[in-house]
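Okay, here's the structure, questions in a sec.
Chain naming follows the written order as A, B, C and D, and within any one chain the residues start at number 1.
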Amino acid sequence: MEKIRYISNRGVRHELSDQIFGRICESNSNAADHIITTIKDESNCMDFQFNRHTTSTNNILDYYSGGKLHMPADICPQKFSEELDCWGLPETALDTCCFTKYVSYFDNLNILKVLEEGECKRNTMFEIVATLAGGNGWRSVQARVWSVMEYPTSSVLAKVYLYASNAIVLLSLFLLVSSTHPLFRRKLTKDEWFDYFTTEEEEMYDDYWNETLNDTGIKLPSHVYVEIGALWYLKMITLAYFTTELICKLIVFPLPWREFITILNFIDVLALVVMYTTLIVNQVNPKEQYKDSVHDAVHSLQIFRVFRLFRLVRHITGFRILMYALRASIGDLLVMLLGLCTAVLLFSSLAYHSQDSAFSNIPDAAWWAIITLTTVGYGDIYPTTIQGRLIASMCALVGVCLFALLIPVLVNNYHLFSSHYAGIERRQNLKIQLLTRKTAVSPK
Amino acid sequence: MEKIRYISNRGVRHELSDQIFGRICESNSNAADHIITTIKDESNCMDFQFNRHTTSTNNILDYYSGGKLHMPADICPQKFSEELDCWGLPETALDTCCFTKYVSYFDNLNILKVLEEGECKRNTMFEIVATLAGGNGWRSVQARVWSVMEYPTSSVLAKVYLYASNAIVLLSLFLLVSSTHPLFRRKLTKDEWFDYFTTEEEEMYDDYWNETLNDTGIKLPSHVYVEIGALWYLKMITLAYFTTELICKLIVFPLPWREFITILNFIDVLALVVMYTTLIVNQVNPKEQYKDSVHDAVHSLQIFRVFRLFRLVRHITGFRILMYALRASIGDLLVMLLGLCTAVLLFSSLAYHSQDSAFSNIPDAAWWAIITLTTVGYGDIYPTTIQGRLIASMCALVGVCLFALLIPVLVNNYHLFSSHYAGIERRQNLKIQLLTRKTAVSPK
Amino acid sequence: MEKIRYISNRGVRHELSDQIFGRICESNSNAADHIITTIKDESNCMDFQFNRHTTSTNNILDYYSGGKLHMPADICPQKFSEELDCWGLPETALDTCCFTKYVSYFDNLNILKVLEEGECKRNTMFEIVATLAGGNGWRSVQARVWSVMEYPTSSVLAKVYLYASNAIVLLSLFLLVSSTHPLFRRKLTKDEWFDYFTTEEEEMYDDYWNETLNDTGIKLPSHVYVEIGALWYLKMITLAYFTTELICKLIVFPLPWREFITILNFIDVLALVVMYTTLIVNQVNPKEQYKDSVHDAVHSLQIFRVFRLFRLVRHITGFRILMYALRASIGDLLVMLLGLCTAVLLFSSLAYHSQDSAFSNIPDAAWWAIITLTTVGYGDIYPTTIQGRLIASMCALVGVCLFALLIPVLVNNYHLFSSHYAGIERRQNLKIQLLTRKTAVSPK
Amino acid sequence: MEKIRYISNRGVRHELSDQIFGRICESNSNAADHIITTIKDESNCMDFQFNRHTTSTNNILDYYSGGKLHMPADICPQKFSEELDCWGLPETALDTCCFTKYVSYFDNLNILKVLEEGECKRNTMFEIVATLAGGNGWRSVQARVWSVMEYPTSSVLAKVYLYASNAIVLLSLFLLVSSTHPLFRRKLTKDEWFDYFTTEEEEMYDDYWNETLNDTGIKLPSHVYVEIGALWYLKMITLAYFTTELICKLIVFPLPWREFITILNFIDVLALVVMYTTLIVNQVNPKEQYKDSVHDAVHSLQIFRVFRLFRLVRHITGFRILMYALRASIGDLLVMLLGLCTAVLLFSSLAYHSQDSAFSNIPDAAWWAIITLTTVGYGDIYPTTIQGRLIASMCALVGVCLFALLIPVLVNNYHLFSSHYAGIERRQNLKIQLLTRKTAVSPK
């Protein structure tokens, strides 16, 4: 007769026939050894007390009895993974439906690591600076100034500095934008014109001044206009501020220099270099600044000044989450871009070969395809023949579907990070509260 | 030998070694005291009867045995929080995966408070008025009239009043809209023209009349046309109605005056002031109303009359939920706006520096960037060079992604409010039903 | 000393102090009577065997012990509602978080009733017809023909009829569409022209023929062109088919006449009436058909013929679900429309008063606002001033957010219906399978 | 007196009255026989030990006691289905709410079969090739070359080959695109012109050369321009590569020939045929290549070369998932297309009959309707009358709603496949790891 053993787990009693017991022994694993040894040792007792998770144990013993292995819904996959380890079962023993859930849970945990590590590094650096600031000597002064400049939550002064510094950045951005608008530009004066231009350009000069005096509104090349004086003075102020700030930062930086090389600092330095280059070029050879070639080269560099706006948003939680989410979704974004490229290439070729006069060559058709796929639809290029319109309709439909299909993946990551971040923040705040409470209690 | 205690919780038996018991005692908290004392007191018994939530107790005792703390799936975070309190565990003891769920549950409860408080205030005020109306004297008359004017669900008369009042508001909006359309405007008559204009404008007058008689269709400045008489009479009717209504409201307002200062009442008063101002300006100095400067100033004020339409929608549930959801998502909306601003600034600068002739200055390029990011794509400005088109393509892509990423946060809040509101409404209706049933039963 | 009772429910033992027992007795309800009586009757026994849902009973007894009432996650709200009834507890006893879930579950059930009832009626009618078809005499002939015409799943012949009938409907739609295209139209012949027109129109006639002979391409009023002969003959064929079909339907209709009045039959009749009217008008007074007034009136009626396309889609499951979902979401759609109207009115007023020359009157601005809010952006109207562009930007943003906020409600209903429909279909198929198996088994 | 039996299932004790036992016996099924026999045989014992899933057994016994059958939330529908089989209950016994969940679970499993089967076939073929490669002789050489050409994960050489091959494909696509752009085209030389054209075309020749010399920029037919020489040489290189590759593939193909007929191979062959056709046509009759008719025919064939880009994306996981998801959603896509067609037909008819001059015939109006429904809005056709604008507004609204309603179905499938694929990949990787570990261990 078969020997029947019983396992009692938190009030639930399981029959364990020889056959099933054999299967448990076969799962050749160190983790399961503990269970098997216990059962074998006390084999005269026939009834074992267990103390493991109820529904998991039920499901695992059902699996040994010949069924399929499912994960109970009332347990975190992480805890279930511990249960599996204990019984020496591989995770692939799980049935397809539950395995999908199990894997996507751990995938999500992996994705969240990016966020955890980033925030952890931030917090660690803040704590190092805070510790240094609590010390004595030059290092402590450095750390105190640095926390004013970098950590707006550390003190009231830091908050004030943040607002002042952001105001200057906003001013610098306003200067960049407004200096291109007619409202903030003036024509060259007669003297400037006369001083800087060569005699060969004399005729141009004559035409120019006659036209201006008559206010005929003929369009002149944009570099003939220069920004008004007020803007120039404001620009000098921002230049002075950014230079001072960078020097201060270099003096008081309390951490290993390796940490100084961040993207934000790089942008700061670059924007300053651009401003000084413009200034020097204009001073060294004033005549040249009105020449097209030099003007264009110097002009294009100004674009680096706009990246300063990332300084404004770095302390906003929503942006940090967005950045982490984007970094984690880089793979999905590339697939989306590739999908878009495929669609663009396909539809632009189709459109060009449809012999619709709207599409004169494939690169033009590609531009039209992108604008149609994103449903922007400027209307600068549009088909007029039946075959062209059929292709355009398909293009618009594919665009709507393509974005609808691929965006939820991004959204999913953002959601994940957003809700997880709330947890991290709560934990951090509780930690700080406990620390302050302890400090308040200890003097007693 | 180690002393083993047992805890029996609703049929589930747990081993409690000295080590684990020690850990429970260490969790130094008032709440856990009760459990510890019980166990210590009856330490000769070794087997304790508990009566707490089954899976929570399992998980918590597993945690004390050295595992991680997970929240069971079959319990509300709120109830689990009570279990944690009882065992003296802090919420941070929860493992990351469950902590995220736990925190987001309480975050949602916090968000819903806005809705609960708003609806609670509304219901309280309605009950105060209803109580007043049940009394005697002038106050009761006030309350009765007030509930007719403000609470359409209170009586049939109130419903009729609501529809009548909404009809007048609709008429007033129709007048505002139609008075700008050529169909409802006429040219000045010869007399009006002759009366109001100065001699210097005589020539203009001649030109005007000759043109009109010939029906040449030359475009005249818009203020030369005035609204037709019928509209004027209808406007006077709405003016009379709104004036009467406001006076009535002021007379019968039964609540403390502080409650009168609501946005809707402010709009009512403002719209009336605008109407009277226009009327008075036109009467005092009729000639001036055809002059550009005065006309424009008075004309721009009319915009306040359009806000009356909020009176139409205030009793619609969907709108109230939308308003609460918007108020709760103000932070997320700001992040979205900031994200948009960043993208606009970045792309407008890039576009301007791409030296595409379509972008003549950054403010113009910013307008183009907004219209491209939202995928509206008017087509008034569009790039024609390769670099310009590349930037525009990126801009369109970023727009699609940006809105796809940030909108779900808003949607989430709306969903939350929408489903929660159904619960509040059901509860309120059952309350009213019970009250009416009681009233019906009590006379027996 | 307090008397302690015990309740054992499926192996879980609960303490029941006098105080708690008193609370249960207070919940004055017929349903709870059974429990109370049982306990009171056997009060000498002190230990009662129960056989109810485990976690629900736990939660309800916890509630009586002074806690809050939560719904266990492992139970359907419907079953929990039975448990509440049994204990005599009102649903409002539930804590907020669970009450929201509870209410939205029953709300969903209510929404699904529309689908259940519609499909139920469909199936009932099919079964009545099938029963009639199984009988004898004229009624059975009627029912058989009717099931061929209406129930394509009933037989192969019915399927063939469906495809043939759909082909004719498609032809009729093709005729409607193509008859407006230049490719399928010809100019009036000289005779037709000469016959039909009055002498006053003689000059027009001369101009017309001179122009045509010279092929100058001057645009003529559209009614001067008539559809080519082939189309006319095909139209007569569809007319004959639809007339025959309607007569057949009227003869064989086997159900009470009340059931005949459906929207699809109404469209059929209307489209036929329109076709005959056109035919008669053209025959009675051939000259008039080229006159603008008569032509336009008759022409506009043709629109009713397009509704025939609903005949094509009525047997497609996806469409039926969509229709049910739309009917259930009519309230949400109205709120969405109202929201759109509010936004349109607000932005059109703001745009008009921004004194941007693009917005000449409010109705025009309203058209612009709709096209911007839906992000279509034709580009026929667009602002050029700064204030106008700011308003347009806000408008585009609000549009994106508005639709993002309100559409998920629709989507939710569609999802609900779609997944629920799968269940209904499966059940219906199993029912039919069982019926056929029974019929196959019974002869033995 | 009624005989009461008891069933004990893992510590949960159920009363089983005669009535309930009768109902279990009635469920006439082989599966339930086992249970019934057990109970009947030991009918003198009255207490049976069971060992089945706890909550399922509870719910099923509740159902026999007269309640409704619900599925517990803590169990996979698949496992619950086994429980139902064991008790001999049909799945339709489930209450509506749970039945929907139950059916949609199995529907999802069915949808996922497409993915499982596709990936399974891929893996099987890879294993066959790997096995062959491990053998000896010509077959093994074939298999080794084939795995280099087809399975980039199999070796480093295969990866290098993939990149090289992709570079050539990219080059070929670049040639296709660039050959249409003015930058890469030149005018015919005087000799080419003179050689190829007949005397009748002499005048055209004169005009052409006079124009060109004067650089008047008059637009010439596109075929007068030919691609520059460099492009022609590069094209020859790609032609040589693709020809060699195809021959290699044909020589080394180690599997049954039936497997060779894939879409990708078909595209390869077709693109080669197109290239050779063009080459031969141009060589055989050089003069003809500048004639419109021949040019157009040959030109249109080039479109097949663009499909080569699918070779680039076939090894990217995201694309494969997308393809499977699209194949599984073909039904939903058709419903969406049909819905779009319905909307287009409806709105184009309405727009045409609104007598707005923008819509000159229904096919044109249909083009406008598609572009409005997808919210692209080129702005080439837009209404100007009030009735036309109302219809356009409705059209835009319906478009936004239609896509919002039907896209989530697609998204759902993509999500399903995406998360399921992660599971399949993990399982495959673990399998390979185990295999390599075994191989590493076995030599000992």
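Everything that follows uses one rule, which is that contacts are C-beta pairs under 8 Å (C-beta built on N, C-alpha and C of every residue); 3 or more make two chains touch, one makes a residue touch a chain.
All values derive from a computational prediction rather than experimental measurement.
Two copies of one sequence, chain C and chain D, touch each other mainly through non-matching residues, since under half of the numbers at the interface are common to both. For the copy pair chain A and chain B, the superposing rotation over Cα atoms measures out at 90 degrees to the nearest 5. For the pair chain A and chain D, the distance between mean C-alpha positions equals 30 Å. Contact of a single residue of chain D with at least two other chains is seen at positions 11, 73-74, 363, 375-379.
In the complex of the two chains, the chain C residues touching chain D come out as 10-11, 49, 51, 53-54, 73-76, 78-79, 82, 105, 109, 112, 173, 176-178, 180-182, 222, 296, 299-300, 302-303, 306, 309-310, 313, 316, 318-319, 322, 325, 337, 340, 363, 367, 370-371, 374-380, 403, 407, 410-411, 414-415, 418-420, 422-423, 426-427, 430-431.
Chain B meets chain A in the complex at residues 11-15, 55, 58, 62, 65, 67-68, 70, 72-74, 90-92, 95-100, 102-104, 107, 331-332, 335, 338-339, 342, 345-346, 348-350, 352-353, 355, 360-363, 366, 372, 375-379, 382, 386, 389, 392-393, 396-397, 399-401, 404-405, 408-409. Of all residues in chain C, those touching chain A in their complex are 11, 73-74, 375-379.
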